[in-house]
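Below you'll find the structures, each written out as structure tokens.
Consider the two complexes below, in which chain A is the common component and chain B and chain C are the respective partners.
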Partner chain A sequence: MMFRHDDQAGSMMNWLRTRGLPACVLLLVGLFCLAPVLWQTVTSVKPDQDLVRLPPLFPERVTSVHYDRVLLKSSLPRSLGNSVVVAASATATAIVVGAFCAFALARLPITGKSVILGVALVTSMFPPIAVISPLYLLMRELGLRDTLVAVGLTHAVYSLPLAVWLLTSFFQQLPKELYQAARIDGCTPLQALLTVIFPLARPGLAVAALLVFIYSWNEFMFALTLTASDTTRTAPVAVALFPGLYEIPWGDLAAASLVVTLPVAGLALVFQRHIIAGLTAGSVKG
Partner chain B sequence: MAEVRIELIEKRIGQKPILLPLTLTVHDGEFFVLVGPSGCGKSTLLSLLAGLDQPTAGRILFDGSDVTDLEPRERDVALVFQSYALYPHMTVRQNMAFPLTVVPRANRLARKRIEEEVHRVAGFLGLLALLDRRPRELSGGQRQRVALGRALIRKPRLFLLDEPLSNLDAQLRASMRAELLRLHKELKVTTIYVTHDQTEAMTLGDRLAVLNQGRIQQIGRPHDIYAAPANLFVAGFMGYPPMNLLSARLGMESIQAGPLHLTRPPDRPPTDQEQTLTVGLRPEDISVEPISDSGGERAGFGVVRLTEPSGPTLWVTVELKDHNEAITIIGSAQAGFTPKIGDGVTVSAPRATLYLFDPTTGQRAGSS
Partner chain C sequence: MNDRSLTKMKKSGGPVHLSERTWGYLFAGPAFALVSLIALAPIAAALWLSLRQQLPIFGIDEFVGIRNYLQLWGDDRFWAACRTTLYFTALSVSAELLLGFGFALLLNRLSDGAGRGLRWAHVMIILPWAIPTVVSAQIWAWLYQPDYGLLNYLLHAAGVTGGRIDWLADPDWAIHAAVVMDVWKTTPFAALLLLAGLKTVPRELYAAARVDGAGAWEQFRRITLPLLMPVVVIVLVFRTMDAVRVFDAVFVLTGGGPGNSTETLSIYAYKTLFQTLQFGYGSALATAMFVLAALLSMLYLALLRRHVQESA
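Our next item is the complex of A and B:
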């Protein structure tokens, strides 16, 4: 009897150690990370008069007034549209240019490949604040100030090193013989790229595109500096500049933040497996 | 179809020589084999012929016209890779049609004609039932045939094969060898075949070139190379089991290789007394017999170290010893005799061809 009891206690301890403890830690970390989002969610559905009162922690009445205001009466939808345009065009530009560049680095006979890759890495390390004044002046001289082109172009350029690095390692992972076979079978390098390399590198292209899109969607400083009106502002800038004359509209802000976060959070969630695979590409031989 | 001429082709990577200047002619319609151990430069030579790589120096001529600076697609060669390199995202049909579909529009066949060609080649190779499968749904032998089909479909001037059978199991390899010969006989395309397997080289090639360390060791027909190896490397590399190579002293009437005593045929011209040479003996020329056998002339006594049955022949590795040295040779057991490891045996070489090599240069000095 005693033995069995001891046994049970032992297995209980074991269970706690192997499963229970990690679960608790994960829960704590998860709460720590998600608490601000939860708080935002709670705030976004609280009526105005409850906003600055505690308790109640959770609202007794739920309202959609903030969402109404943000989605119907503000310029946020317009900014969301701008963000989609900017992020999509930045992604398209970065991926197309990046893919050609990466293919050349991965397969064509070029001298100084590692130097080129190194320089690309260095440029991506520049703090944005260091280039923002010359960039602003440049865009103004080009007549692009306060246009979506300026923002999209900047995002594309800034995410290009990431795209090149990711895609280069993806292309290098594809067996060299496939490219050679395509060349022997009569392809020009470009044909080989389009008919053989690209279809096989689709997962890599998707991951790179997703990362560029998320970067562009979230980017704040360039977007803030290069835009000056509601017609060109991207969503993060719009949220930051949310109109509040005498008081800060916390509820509206919370609703707007969630609306802006949701698309990319959703994308990241759907593609998380691919993103992880993409980020570790080349580290382990598949 | 084309005659291929390689003139003083040389390849270095950095300072490291991969291929030393070499010259070689492959005749129109010939099945030519490049054979050598891994790292001898045979695959590099193939890449140069295909145009996937540029030589450091030298020229490549197809039918007399210089193709050294041409792109792979302008050379009209086909290459079958060791890894097959089938396009994983395409079906068998699309894989085989690929070389026809990437042709510039002006010269491209109509879609119906391409489909007919695919059917023709697929029928030829027994792939008709598999046209809609993808490469990963095929067995090794089937993939191999698809790779051949993709290479054959556009009737190339030159057909290059880079160890195409080395990923197949032994059974399949034998039947694919026969298939390759049949294809070559029917199509008569100039073929250059790279392998490290000397058996494959001997059975397939009209002629072959033995390569080692970036240098051609010997070019010739399989039998000629087997019967008259030009140097020690070729002698040791071609033929299985490999030739026995022993350091020996050459006398007026005999050759003494440590404990092994061989008689020279009397009609041979005399050589300098007490010359030291390397002597080569094919295992099939050495007979291993029971020790009690008194008939015939013995070349030496020894102990069996290893036996290796191979069909009708039993290969026996024998260690011979005298007071100052021990040598190991491989011979074939006398018919009906199955020695065991550790048995004492006698060794004789009554009608052996003795290959004599200069031990310093490795070149063959003659045979007797």
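Our next item is the complex of A and C:
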């Protein structure tokens, strides 16, 4: 649209501007974003002897030996399972607990709303390293040391501020009358939320759930310090502490890191529009 | 609003009479309980711990007041970690902002022409953001590998460097290697926010500026930049907060080494807590970090307020 006035400048220039320039921009941005990941992909299918020499950049034959090793002969599948359990339970907890709280903040006449939001802000600003030792002691007291519950619960709580913040603004955008109509029809507030508000808020709930899931799947410091054994390790901890006797097994590590990335990358690609909406919500209201 | 009908309904309501306010507290209760137990109590405990000396291995546990903070003041390693953290933050956040702004401006032009292009750009740009930080640290560790890493190979092939550079083992290079990794991982986030901000700038402003004979640079300086200031500040606050607290990236990439050349405050605190088990001193370190992060974000907010006042 912007270039409409340039139409007479010749079809070559026109093509360059409407097709060529965007293509260059895409190539530039794409190279920046994808090149390291592509190299990791190449590495993951290179035979061992090709890993210790460059050139050639690309292997003459590809191998699945690294994937076989990490998927069949390592504890990575166990860690992936742990991550699924942790991320799913953290997401469910944060969304259920967060949605009720957000609705109270958005629509119900409770006092101290600004205090609650302030607490949420401080919680999310406080460096995780600062709470890690008291948290560790607390989990030990509760008998949850080295359990997936400890990690899931911690992830749920530390993503609550984000969930509450997102959902509060989402509920504020829903028409007030929906809730009032449900109440007048005889619903209790709980029924109104469960039967009217939450179903209508599904897009917002989904965005919050995606962001919490990705946070939990990727989180490292809490997962590292609250777990102590192979059986409770989450996937990022497994990748960080990847076992290597003398040399780092770069091919196996590349395969493992791609396998660990696949679920979140998949979610991010499929739901990118929703995620971007969630990430930018509130920051660009003007 | 139907206040009257609501009141009437409440009076004639079901078996349990609860006011809207009570329901509100019931709804907010679980969140508050969880946050109190898992976040607020540990924060309070950390502040309390920072006033104690705790060395479990020696059975020491006593109240020492502000002695930990006094010790911090005279601790060269703490100041070195502060410098490293601030250097890392300043370098990576400014690079992320500049690069993110560049990407956003380029991509914004893209959306004027072909809508499909922007969708592709979003797909690519969201990948570094979604990747676990730990994974991106391992990806870059392999790129930096001195003997068969891609970076040395490409630089050598292009004739930029003479030979082998051990990026992560050289104290001068290591911190910059960490910065580059962080910039790769988080520029997309900055670009996404700035791009969303660019979309809210009314097109008519640019048209009017063109009529007045303003060039591209003038348009950027007088329209784009002032209108985007709030988004820029948000990006700065978010990114600074994360950069000051940086842990995963540096921990996996260099572990704080070589020497202590990449030891940020988080890593020093982690080592103090979990390797030397000094819970009191480690908590004081972490609290100092929080103060640093809070001061920086207050600075940004003050800047934003001044900017808003000036343009009003």
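For this structure, a couple of remarks:
The criterion applied here is as follows: the second predicted complex is superposed on the first by the 260 of 286 C-alpha atoms of A that agree within 3 Å, B and C clash if a C-alpha of one lies under 4 Å from a C-alpha of the other, contacts with A are read in each partner's own complex, and residues count from 1 in each chain.
What we mean here is this: a contact is a pair of C-beta atoms (placed from the backbone, for glycine too) under 8 Å apart; a residue touches a chain by one contact, two chains touch by 3 or more.
Because the structure is a prediction, the values reported are computed rather than measured.
By the touch criterion defined above, A:A208 reaches neither chain B nor chain C.
When the two complexes are overlaid on their common chain A, residue A:G30 makes contact with chain C while staying clear of chain B.
When the two structures are aligned on the shared chain, A:L253 is found in touch with chain C, with no touch to chain B.
In the superposed pair of complexes, A:T188 makes contact with chain B and with chain C alike. In the superposed pair of complexes, A:L162 makes contact with neither chain B nor chain C. Of the two partner chains placed by superposition, A:L80 touches none, neither chain B nor chain C. With both structures placed on the common chain, the touch criterion links A:Q180 to chain B and to chain C.
In the superposed pair of complexes, A:V45 makes contact with neither chain B nor chain C.
In the superposition on chain A, contact of A:L200 is made with chain B only, not with chain C. In the superposed model, more residues of chain A are touched by C than by the other of chain B and chain C.
The intersection of chain A residues touching chain B with those touching chain C, taken from the two complexes, comprises 180, 183-184, 186, 188.
Residues 1-3, 17-19, 21-22, 25-26, 28-30, 32-34, 36-37, 39-40, 43, 51-55, 93, 97-98, 100-101, 103-105, 108-111, 116, 119-120, 122-123, 125-135, 137-138, 153-154, 156-158, 160, 164, 176, 180, 183-184, 186, 188-190, 193, 214, 217-218, 220-221, 225, 235-237, 239-240, 242, 250, 253-254, 257, 260-261, 264-265, 267-269, 272-273, 275-276, 279-280, 283-284, 286 of chain A are the ones that touch chain C when the two sit in their complex. Put simply, chain C touches chain A in their complex at residues 1-2, 5-6, 9, 13-14, 18, 20-21, 23-25, 27-28, 30-32, 34-35, 37-43, 45-46, 49, 103, 106-107, 109-110, 112-114, 117, 120-140, 142-143, 145, 147-148, 150, 153, 184, 187-189, 192-193, 196-197, 199-200, 230-231, 234, 241, 244-245, 247-248, 251-252, 266, 269-270, 273-274, 279, 282-283, 286-287, 289-290, 293-294, 297.
The residues of chain A lying in touch with chain B in their complex are 175, 177-178, 180-188, 191, 195-196, 199-200. In the complex of the two chains, the chain B residues touching chain A come out as 50-52, 71-73, 77-79, 81, 83, 85, 87-89, 98-99, 102-103, 150, 154.
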